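First the structure, in the form of structure tokens, and then the observations on it.
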Amino acid sequence: MIWLDTIAQGILLGGLYALFATGLSLVFGIMRLVNLAHGDLIVLAAYLILLVVTLLGLSPWLAVLVAAPVMFGLGWMLQRWVLNRVLGPDILPPLLVTFGLSIALQNALLEGFSADSRRIPNPALEGASVAVGPLNLGVMPLLTFGSAVAVILVLNRIIYATPLGRAFRATSDDPVTAGLMGIDPRRIFALATGLAMVVVTIAALYLGTRANFDPAIGPARLIYAFQAVIIGGLGSLWGTLIGGVILGVAQTTGAALNPEWQILAGHIAFLAVLLIRPRGLFPRAND
Amino acid sequence: MILELESVSKSYGALKVTDAVSLQVPRGQALGIIGPNGAGKSTLFNLITGNVLPDAGRIGFLGRDVTGLPAMARVRMGVGRSFQIPQPFEGLTVFENLLTAASFGGAGAPRDQMAQDCAEILRRTGMLPRANRLAGSLSLLDRKRLELARAMATAPELLLLDEIAGGLTEAECRSLVDTIREIHAGGTTIIWIEHVLHALNSVVERLAVLDFGRLIGVGAPEEIMASREVREIYLGIDI
Amino acid sequence: MTPTHWRMTTLTRAGLVTGGLALALIVLGLVLPAFASRKLIQDLFYILTMLTLAQLWNLLAGYGGLVSVGQQAFVGIGAYALFGGVILAGMDPLLALLLGGLAALVLAVPMAFFAFRLHGAYFAIGTWVMAEVARLSIAQWKALGGGTGTSLPRDATSGMKVLDWIGALFGVRAAAARDILAYWLALMLAVAVIGGIYWLLRNRLGLGLIAVRDNIEAARSVGVDVRRMKWAVFLLASAATGVTGALIFLQTARISPDAAFALTDWTAYVIFIVVIGGIGTIEGPILGVLVFFALRSLLADYGSWYLLTLGVIAIVVMLFAPRGLWGLISDRTGVQLFPVRRWLHGPGVGEETSR
Amino acid sequence: QGRKIRLGYVSPQTGPLAGFAESDAYNIARFLATDAGRNFDVIVKDSQSNPTRAAEVAKDLIISDGIDLMLVASTPENTNPVATTCEAEGVPCISTKAPWQPWFIGQQGNPGNPESWRPFDFAFHYFWGLEDVIAVFTNMWAQLGTNRQVGGLFPNDADGNAWGDPDNGLRPGLAAAGFTLSDPGRYQNLSDDFTAQINAFRAADAQIVTGVVIPPDFTTFWNQSRQQGFRPKAVTVAKALLFPQSVETLGEAGHNLSSEVWWSPNHPFASSLTGQDARALAEDFTRETGRPWTQPIGFIHSLFEIAADVMGRVDAPEDADKVAAAIAATRLDTMVGRIAWDGAGVPPFAAQNVCKTPLVGGQWRRQADGGFDLVIVDNQTAPAIPAGGTMEALA
Amino acid sequence: MLLQTCGLHAGYDRFKALFGVDIAVEPGECVAIIGANGAGKSTLMRAISGVLRSAPDMVLHRGVPIGHLPAPQVMQRGIAMVPEGRRLFPSLSVEENLLIGAQMRRGTGPWALESVYELFPILRERRASPGTALSGGQQQMVAIGRALMSNPDLLLCDEISLGLAPVVIRDIYAALPRIRATGAAVVVVEQDITQALTVADRVYCLMEGRVTLTGRPGDLSRAAIHDAYFGGHA
């Protein structure tokens, strides 16, 4: 019973990690960009939602609708004006730029919002739960997991069934040849980052309602996101979800043995997967 | 026999690039390989050097089975090669390119001797005037010469040359032929892939023809050139 | 036979000047404590240790193509080995520095075994996660305070004989004598690491590293053992990083897993230094550490604005000078302070050169 | 003499601990404006909530600014590196706002081995200790009818290790008071899931939860508890429930959570510097900054009271030994109570360096406007501090 | 004049591959570029198609300078390329590979999915398989079809016979007249001189990054070609 609960909670936690990771997976998969600022962008989005909630008095769910387009624009500009210029076979320039962005963002948020820990208020649902058999599952964690699935469904539909998605995949395969097809890789990349930022906004909603956040909390989330992406395999969004679930379950089972091993267990699961499959569980055939 | 291939095969996906090739090269021989574009000539070289591992078959060098041996080990055993598309170390000078080859793939001479040997190779290949130029700034022709020179710097027993005469002027071609003859006269076994047949034929003692990964003929150059098959394949490129 | 009339040289005039200057600087550095303020000694300690870390990371990433984001693992393990040696085994702190290097080396073996299966971004993230695993594991080591960390007992560090000698030599108190000792060690370490890297680069290994960096396929075809090269570089850099980490925390005298395994302090800032200065050169990290330190001194009191500026500078430099500041300078002037080129001289050698 | 006395002050102005330093600027400005304050320069350095940086800036203050006395506050992550540095450098240091065990024991080479513990010559600390928090917590819980089963949340950091230590932490004290502690083990800060702890507490039938938890982790824990149907009667944790801002983020779910109280506007103390009482200080702070009062205000204020008092009693501020002796001889009534390093209530090994301040228990009560009020519900440990109500069980 | 290069220089980083190349293509014409390995043929194609940038007026399309334009804009002006080595998108199916050629096209024209399938019927059968699962010849058909989907007025074909069996090459070249019939001009890069001379209206021979010979196939002697190809004088 305790084990069942542990695993169920681990899976739900995996949904949260998958949500953190999906935007990263999109960007990493399409342009091989290691975005060290991803965690901080999630925090930025959380503040944005909080701002909308407190200023406009909207519910958090509606606030996402306001924040998402703003984040899309931010992502678009970031890619267009900054990241596109450093993309290339060498991973270092984007690494350094996004690291710079990460500390700049953290400290800008600190200046703007102080170090107080904040929370997106969501009184109606935060303590709610439903009984599933012998288990009590929180409504918010269930919604988180459901949103992760929904986001991935929608993204997969975009990627595999629309001209935009075709352009994403083609550009990811071979940006030079995509250029010969009249596709401007820089534009495609900017759109992809914008889209990733929309996902980031959704992730931020769940981050901000689940626990407190402050400007410094981003990097701790980044490593889980990367792990989920890599466990799943580059370019596979379902893989990312499974990666998140593996991480989540590893953490809750590790913690059930001893809380000291909670985070360690997640890392070790990650290393174990990589040891057996250096390219993740569901890698793309051609990489 | 310095080199023995026993039904060596290699495919890329559905494309069979090397199809059960068996070939024996006696020590000291100069062998030419011809064949149309994409026949699998360069791939055959990659198999011999170990840059590509075969799907099936066996490769023997100096009496040892080297089938699974990595490229760098074979270089040290004495397999030197030039690349069809020149692959210089662009961040190093011409001289340093040779020095790298000599110190990693060479006979392990002391440092000063190594410099002498490299300089001598540069002289013989006509690259001495460019010794201190960055390889990345060379013209195509000089890159090809550098390929030859760098391969020689590994002090090979078996030298594999991949289309090094393409695009040379007649005079340059003649001096290249002289250089290769000289290397050959020094006792080095040579396998040379070339489309410039008159140059090739003025050096090699034996000619092999590849088509669609298969070895369709091996023999004396005159014999091969006279065969109908070859004429058919080469229909178009005048000799 | 071939007459031996060609010569190979590696030194240029700039190189000779640097050599002389470096020698003078080292001597100056050694006698500096006689007249410098403690503040300066302490700043120099920081600069020298960061420079050492930067040079080592540059060796890994700039020459070996191994973009590690897990160097904090070696700093941390080296530091913890020192604390363990001193506190639990009663070792002499100076000896324990070497233990730090050894511990890092021991950690580096499994880490390399694992990480070398990964490439590019995966390698970077893999090393990061392994460093996290090291941090979390050390945080379980209760004898050294677990997640709390611990302090070096005062008698352990002030009991060193050399300190009395230094104290007497310069007429300073024990605390200042400790600073001087640490500074000398940092100076020696920095000189040894820079000298060692320079020596490596001027040797066979240097040619091999550049060959691998330029064209891995061709490197294999001239006999370069790419794998062994990477192992050598990784193990060397790890061990030296471990010693540096031990030295840093010997000086701080207080350790905790979060401090010793800090991604930002020991890897992110180091990457910043190398890349801002110019990766793949010895000069780059030197320039980079000076810029970094200047920024830190100028802005550190402005709190978050300092870090904000640092972040923005990282972005701007990458956008407008992707080869770093030293790249800008050497492109303009062609100066190389640490020449590694091997020039051929002799009859028939063309005078034409190119940068 | 003509020169001003130089005080160094290291605090986490930025980073996750910045909440503790919120009133620094206010307090320092007020201090410098007093008559005594005119004799002082205060040099403030930001540790960026980073222990390594804290040690660095401490050293910097000592070496380049030539300070006469070091002041430091706010969690062991900040106080310990600074105190260690001062001790090594032979510079007097007064520290506060960290329970004395993580401060004192946490600075020992081998915290696990009491034989090896040594007192400090220059580092002095005043705050309460775990024995006080145990007394306060158990007194509060005793007001409720419970089965006396307590679940403990202790992270693997300086505070968590000290509180969770099986020999020197909460466990023996709770046992002595008739409570049983179930401690699943140290977790890492910023964990995203507390199912293991919740299940362990449930298995032990814990009706009380205690611990020393950072705010984000407490929110996660508390939400998950409610979602998973775990409903303790009392939740009394330190750190997370310190600041009204962090309790406000819990909304409705923050009502009746309880915590230790080391300072409040109701404390019957007054400043030796300004004569203000606690309420006046808190109100002045709110007027000046527009922010609600927080517990650190009184303690930061008291640091400068003590500094002024100590330095007023030495004739040679640059003589570290004399200053250390003056600190040891302090007998002063301050904004946080009487400060005297006389060993009262402190075990012998720490008597020389630690002075204790009073501690009571409080409960957060949600107001009609959504704000929270900290009501003192137990003052048995310090009867001089008036209680404003009694402990209520969680709904 | 449909396309003209004027003293075109291009290269890679420090390495220069083209030195003042002048070629011209009239509307509807078929021009062949021949030359040895590494002569710079592919570099020329890349420079025209915008993959490599040059000075604006080094490349003129209908008299408009386009040397500075990036590939997507060049393509939208009506210049499509079949790159060397085919370069199909491995993540896309055959049909998607074709569709992506049309995604950014301007206006309409004779080419659409249907007409490409008519040109290469085998592709209709394989429409759902990933591009890389096809044989080399079929892949080449996809690459050509993909370029046609944008309805270009100039089609650049870089070594479409590379690595293909003679019978397959024949099939591919058989499509050429039908493409030209729609009015598009074609530039083919070929190493096979006979093939080049058969299909082209005019021939340029490149050596070492320079044009060494140009003319109509009928006017060129074997010896002249040989000289231009390999240099020197036989």
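We call the chains A, B, C, D and E, going by the order they appear; numbering starts again at 1 in every chain.
The definition used in the following text is that contacts are C-beta pairs under 8 Å (C-beta built on N, C-alpha and C of every residue); 3 or more make two chains touch, one makes a residue touch a chain.
Keep in mind the model is a prediction, meaning the values are calculated, not measured.
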Those chains which touch chain E and also touch chain C: A, B
Most distant chain from chain B by Cα centroid: D
Most remote chain, CA-based centroid, reference being chain C: E
Centre distance in Å when chain A and chain B are each reduced to the mean of their C-alpha atoms: 51
Distance between the centres, which are taken as Cα means, of chain D and chain B, whole angstrom: 77
Between chain D and chain C, distance of the C-alpha-averaged centres to the nearest whole Å: 39
Numbers and ranges of chain A residues touching at least 2 other chains: 107, 110, 260, 263
Two or more partner chains touched - positions in chain C: 136, 140, 304, 307
Junction residues of chain D, two or more chains touched: 14, 156, 186, 188
Touching pairs - complete list by chain label: A-C, A-D, A-E, B-C, B-E, C-D
Parts of chain B lying in touch with chain C, wherever the complex brings them together: 49-51, 70-72, 75-76, 81, 83, 87-93, 95-96, 99-101, 103-106, 111-112, 115-116, 118-120, 122-123, 128-134, 137, 150, 153-154
Interface residues, chain C side, partner chain A - complex: 61, 67, 69, 114, 117-118, 120-122, 124-126, 128-130, 132-133, 136-137, 140, 263-264, 268, 271-272, 275, 279, 304-305, 307-308, 310-315, 318-319, 322
Complex contacts: residues of chain A adjacent to chain E: 163, 166-167, 169-170, 172-174, 176-184, 284-286
Residue ranges of chain D in contact with chain C within the complex: 13-14, 45-46, 48, 50-52, 55-56, 59-60, 63-64, 76-77, 80-81, 84-85, 87-90, 102, 106-112, 116, 118, 155-158, 160-162, 186, 188
Residues of chain C that touch chain B when the two form their complex: 2, 4, 6-8, 204, 207-208, 210-211, 213-215, 217-226, 341-344, 346, 348-350, 352-355
